Amino acid sequence: REWHMSQQSLREKTSIIIFGTHTRAGQLFDIALIYAILLSVAAIMLDSVAWIHDSYGTLLYALEWFFTVLFTLEYFTRIYCTNERRKYIFSFYGLVDLFSIVPTYLALVVTGANYLLMIRLLRVLRIFRVLKLARYSLEANLLLRSLYMSRRKILVFFCVVLVLSTIFGCLMFAVEGPEHGFDNIPLSIYWTIVTITTVGYGDIIPQTVMGQFIASAVMLTGYSIIAVPTGIITAEMASELQRKKATFTCNSCHHAGHDNDALHCKWCGAQLHSGA
Amino acid sequence: REWHMSQQSLREKTSIIIFGTHTRAGQLFDIALIYAILLSVAAIMLDSVAWIHDSYGTLLYALEWFFTVLFTLEYFTRIYCTNERRKYIFSFYGLVDLFSIVPTYLALVVTGANYLLMIRLLRVLRIFRVLKLARYSLEANLLLRSLYMSRRKILVFFCVVLVLSTIFGCLMFAVEGPEHGFDNIPLSIYWTIVTITTVGYGDIIPQTVMGQFIASAVMLTGYSIIAVPTGIITAEMASELQRKKATFTCNSCHHAGHDNDALHCKWCGAQLHSGA
Amino acid sequence: REWHMSQQSLREKTSIIIFGTHTRAGQLFDIALIYAILLSVAAIMLDSVAWIHDSYGTLLYALEWFFTVLFTLEYFTRIYCTNERRKYIFSFYGLVDLFSIVPTYLALVVTGANYLLMIRLLRVLRIFRVLKLARYSLEANLLLRSLYMSRRKILVFFCVVLVLSTIFGCLMFAVEGPEHGFDNIPLSIYWTIVTITTVGYGDIIPQTVMGQFIASAVMLTGYSIIAVPTGIITAEMASELQRKKATFTCNSCHHAGHDNDALHCKWCGAQLHSGA
Amino acid sequence: REWHMSQQSLREKTSIIIFGTHTRAGQLFDIALIYAILLSVAAIMLDSVAWIHDSYGTLLYALEWFFTVLFTLEYFTRIYCTNERRKYIFSFYGLVDLFSIVPTYLALVVTGANYLLMIRLLRVLRIFRVLKLARYSLEANLLLRSLYMSRRKILVFFCVVLVLSTIFGCLMFAVEGPEHGFDNIPLSIYWTIVTITTVGYGDIIPQTVMGQFIASAVMLTGYSIIAVPTGIITAEMASELQRKKATFTCNSCHHAGHDNDALHCKWCGAQLHSGA
């Protein structure tokens, strides 16, 4: 019985270290984990460079397996420790943890599968949780809220861009044709996206006067409509900032409209306590 | 007489299915139509790829005719069903419906005419009507209203960009000349548009020091004035959003300033009914 | 005496036609003038295309002289008619009128001078005066006022961009050097401007790992700081729009805050008379 | 004693000329200094051009040493004159002054070190202090404050862009691979940054259909998320402008809301004294 209890308490202690970020040990564990993730990602990156692969390939391969085994152990410890197994396994972090170790095993069967290990980078998102970056996550929330509020407008905008790209792409295919590099309609649409987003690789270029005229129209269109998503997001962000200011009132005089970094009420001087 | 009446009622029923979106049948018809349009557009796209054309050309040609005949039948059924024939024929949708079938027949006489079939894509705009995307069309309205309010400013801006492009184009032609690829003034203007919109293909590049100096001026101009349409549209969009909030009041306490996605008044808690 | 008076009145009548835009004749004169300007500009453009020059060179040369003689006559008539000669000659329009005819005569002595004829395009700015585009010039005024209000911020921004470009340019010259196309510091600065404005011709590209790393920094810098002029102009434009709305009050109830296109007061319903 | 006093007063006088900008002599000294800095920077730039180096290399080398000796003398005079030596030496300007002369001496030992002389450009920042550009530095302050207020949001945004670039880079490496120019993951990440920032050199381009599809996604992502920093900075800048207007009140009638360039109160007509 005593052994059982000590095992119970060991499980709880481990759970606090692995999942929690309140204790010193929990923080150190998470920081160590993030370094391990970044190191393992860097190892995969370096292994893709030919001369590094030739010189240190075996070492990097060993490192990959070392980190994979480490993360596998960590994954099963997490499953063992948690009280809500099903919830963890199917949570966002749980799935990312799983997909971060599977590719190495998969690569034994399918070649090239280990590039999927890049999914490990998503684990770094824990950094927000670890470092208690309340400020940063507030700012990130503001960004996400603005994006969420404008999701429909952005979607409408994207549909318009895609329809425009398709129509312009067909036009260019009809005008320039395969003899000038516009081999088929999908490729012409690709060219239109390259042009409308003002990237402009220059691998396919219009060569007839008519084609250059249409291309100019595409560029000016792209140059102008980039203003639309900017307008959408800016307007939402400004209204988010205003909302934040408007709803944050002083406790003693009940006046609102304080700046985000104000510590005292600018009317009565009482100390402000963030209510957000 | 009875036969006449049943024909009358058949016409009305068909009209409800084809034009209406209130009945289940009407919705299914429109959704099927959209899939047919997307499929027919995809068929034309795929047919433009050389190796697909070689292998499946006959099938795709058959598909094109199948869809064209289908849309032709649909077009004449619409004309037959509607009570306001002239109005439909000359409406935006009526003209798009017509131009979506003509090119296939035209291609029998003129080669290449079938690329005009891309106009079919415009028929997909019906999707807004079909899916009762009230929310989406509200957002689209906001975008369109902002664009409409700023149409004059945008036009003034475009004139300025075109005049600037012409003047810079002439300058570059004078400085670089045909020996560096700036063959004539229209081509130089094309280059200026490529540069001022920051697309930068790199097919024509300044090679003299003076030319590179002017090119830098063109780039910095383009990089800065892109701020102008953004400013225009953002300012309009922000004022549209404010107008919407300022005029949208609660029915019970008559307080305004509710968020766009609010369901209850934030002062008295009464349910809000969108008045826009 | 009578002949003198009639001459006097002829001068006044001509003055009204040439300078004024209130009479029907005055309007027609200005519209004809604008067409003449656009035609003469188009003639110069077309003459720069090699095959058009070979086929129609003589005709276009004749056209250039025809328009130049026409504009010369117009210029001297303007000087003859106006009551404030000195003021007209040194006004913006007077100088543009002069510089629009000089290059053709200059081209008799200096070859290539006739490209300066593009300055004629500036004469088209009269279009704003001619068509009584009150609305358009109001919008243009808003744009200009915003730009004027933000001129200092824009200048500060430009200095920062130029200093950044110089420093990054030197860095790239030191890192990549002449063997990778970065021949000298001015060329490296040109490359930096091409990159920081996201134009990216691709004629000069970094080839060392260190160079690509710095180039990435330059791109991300350019990608981010483009937000600054946009922010400046948008903020000014929004405050201009607000000012316009805030200062425009109803005459009967003295409430402000009407939309720009409102015809009636939205509180008391009285008709609004634009005070701007 | 008298000699000592006169030396004392000489040191003080020199200090006023070198550090101060209130006296005529102090202003002239600083303006001369800025011209010297710009000249020395221009000399280094020109020396990097091969044919100028061949023809005037000795002259430019002499100039470099002349300016370096001049700035060295100035540096030691500053140290001698100031009352707070330690403070000056470790201040921003003090360090820039030091690093502006070191590279020339260093270049005697290490070749190529003289490119670091570009750091001299930073000395030009004194121009803000010299010309008493109160207006300009107010505007610069507004820009800096906006950037400072949005620093966290910008950082979050940059992390997102870098993570996106890494993931897209790996994807492209897996899809296109070394045979299409995507030699290794770091190079693929470089390509992704080139594309996501819409620079688009065109030295590495996707060649498979799948690669072009992913590239399109990258471009559209980059084209859209450029709206985010713009939104951030614009919203901050607008709220800065509003804050400034709201807090800037007239001394006689205590009304706020004056424009930035207003000289008189627009309600009572009293002269305004900037309180910021």
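Residue numbering begins at 1 within each chain, and the chains themselves are lettered A, B, C and D in the order written.
Note that in this section a residue touches a chain if its C-beta (ideal position, glycine included) is under 8 Å from a C-beta of that chain, and two chains touch if they have at least 3 such contacts.
Owing to the predicted nature of the structure, the values given are computational and were not obtained by experimental measurement.
K.L.:
What's the rotation, in steps of 5°, that superposes chain B's Cα atoms on chain C?
P.N.:
Angle of rotation between the two copies: 90 degrees.
K.L.:
Since chain C and chain D are copies that touch, just let me know if over half of their interface numbering is common to both, same, or not, different.
P.N.:
Different, since under half the interface numbering is common to both chains.
K.L.:
Could you figure out which pair among A-C, B-D or B-C mirrors the A-B interface, over half of its contact pairs being identical by residue number?
P.N.:
B-C
K.L.:
For the chain pairs A-D and A-C, which is connected through the larger number of C-beta pairs in contact?
P.N.:
Answer by contact count: A-D.
K.L.:
Could you please state the distance in Å, as a whole number, between where the Cα atoms of chain A are centred and where those of chain D are centred?
P.N.:
The computed centroid separation for chain A versus chain D comes out at 30 Å.
K.L.:
Roughly how far is chain C from chain D, centre to centre by C-alpha average, rounded to an integer in Å?
P.N.:
30
K.L.:
Cα centroid separation between chain A and chain C, in whole Å?
P.N.:
Comparing mean C-alpha positions, chain C is 43 Å from chain A.
K.L.:
Send over the residues of chain D in touch with two or more other chains.
P.N.:
Correct list: 186, 198-202, 222, 226, 230, 232, 234, 236, 238.
K.L.:
What does chain C use to touch chain D in their complex?
P.N.:
Chain C residues touching chain D: 149, 152-153, 155-157, 163, 166-167, 170-171, 173-174, 178, 183-186, 189, 195, 198-202, 205, 209, 212-213, 215-216, 219-220, 222-224, 226-228, 230-232, 234-236, 238-239, 243.
K.L.:
Quick one: in the complex, what on chain A touches chain C?
P.N.:
198-202, 230, 234
K.L.:
Show which residues of chain B lie in contact with chain A when the two form their complex.
P.N.:
41, 44-45, 48-50, 112, 115-116, 118, 121, 124, 135-136, 139-140, 142-143, 146-147, 154, 158, 161, 186-187, 190, 193-194, 196-203, 222, 226, 229-230, 232-234, 236-238, 240-242, 245, 259-261
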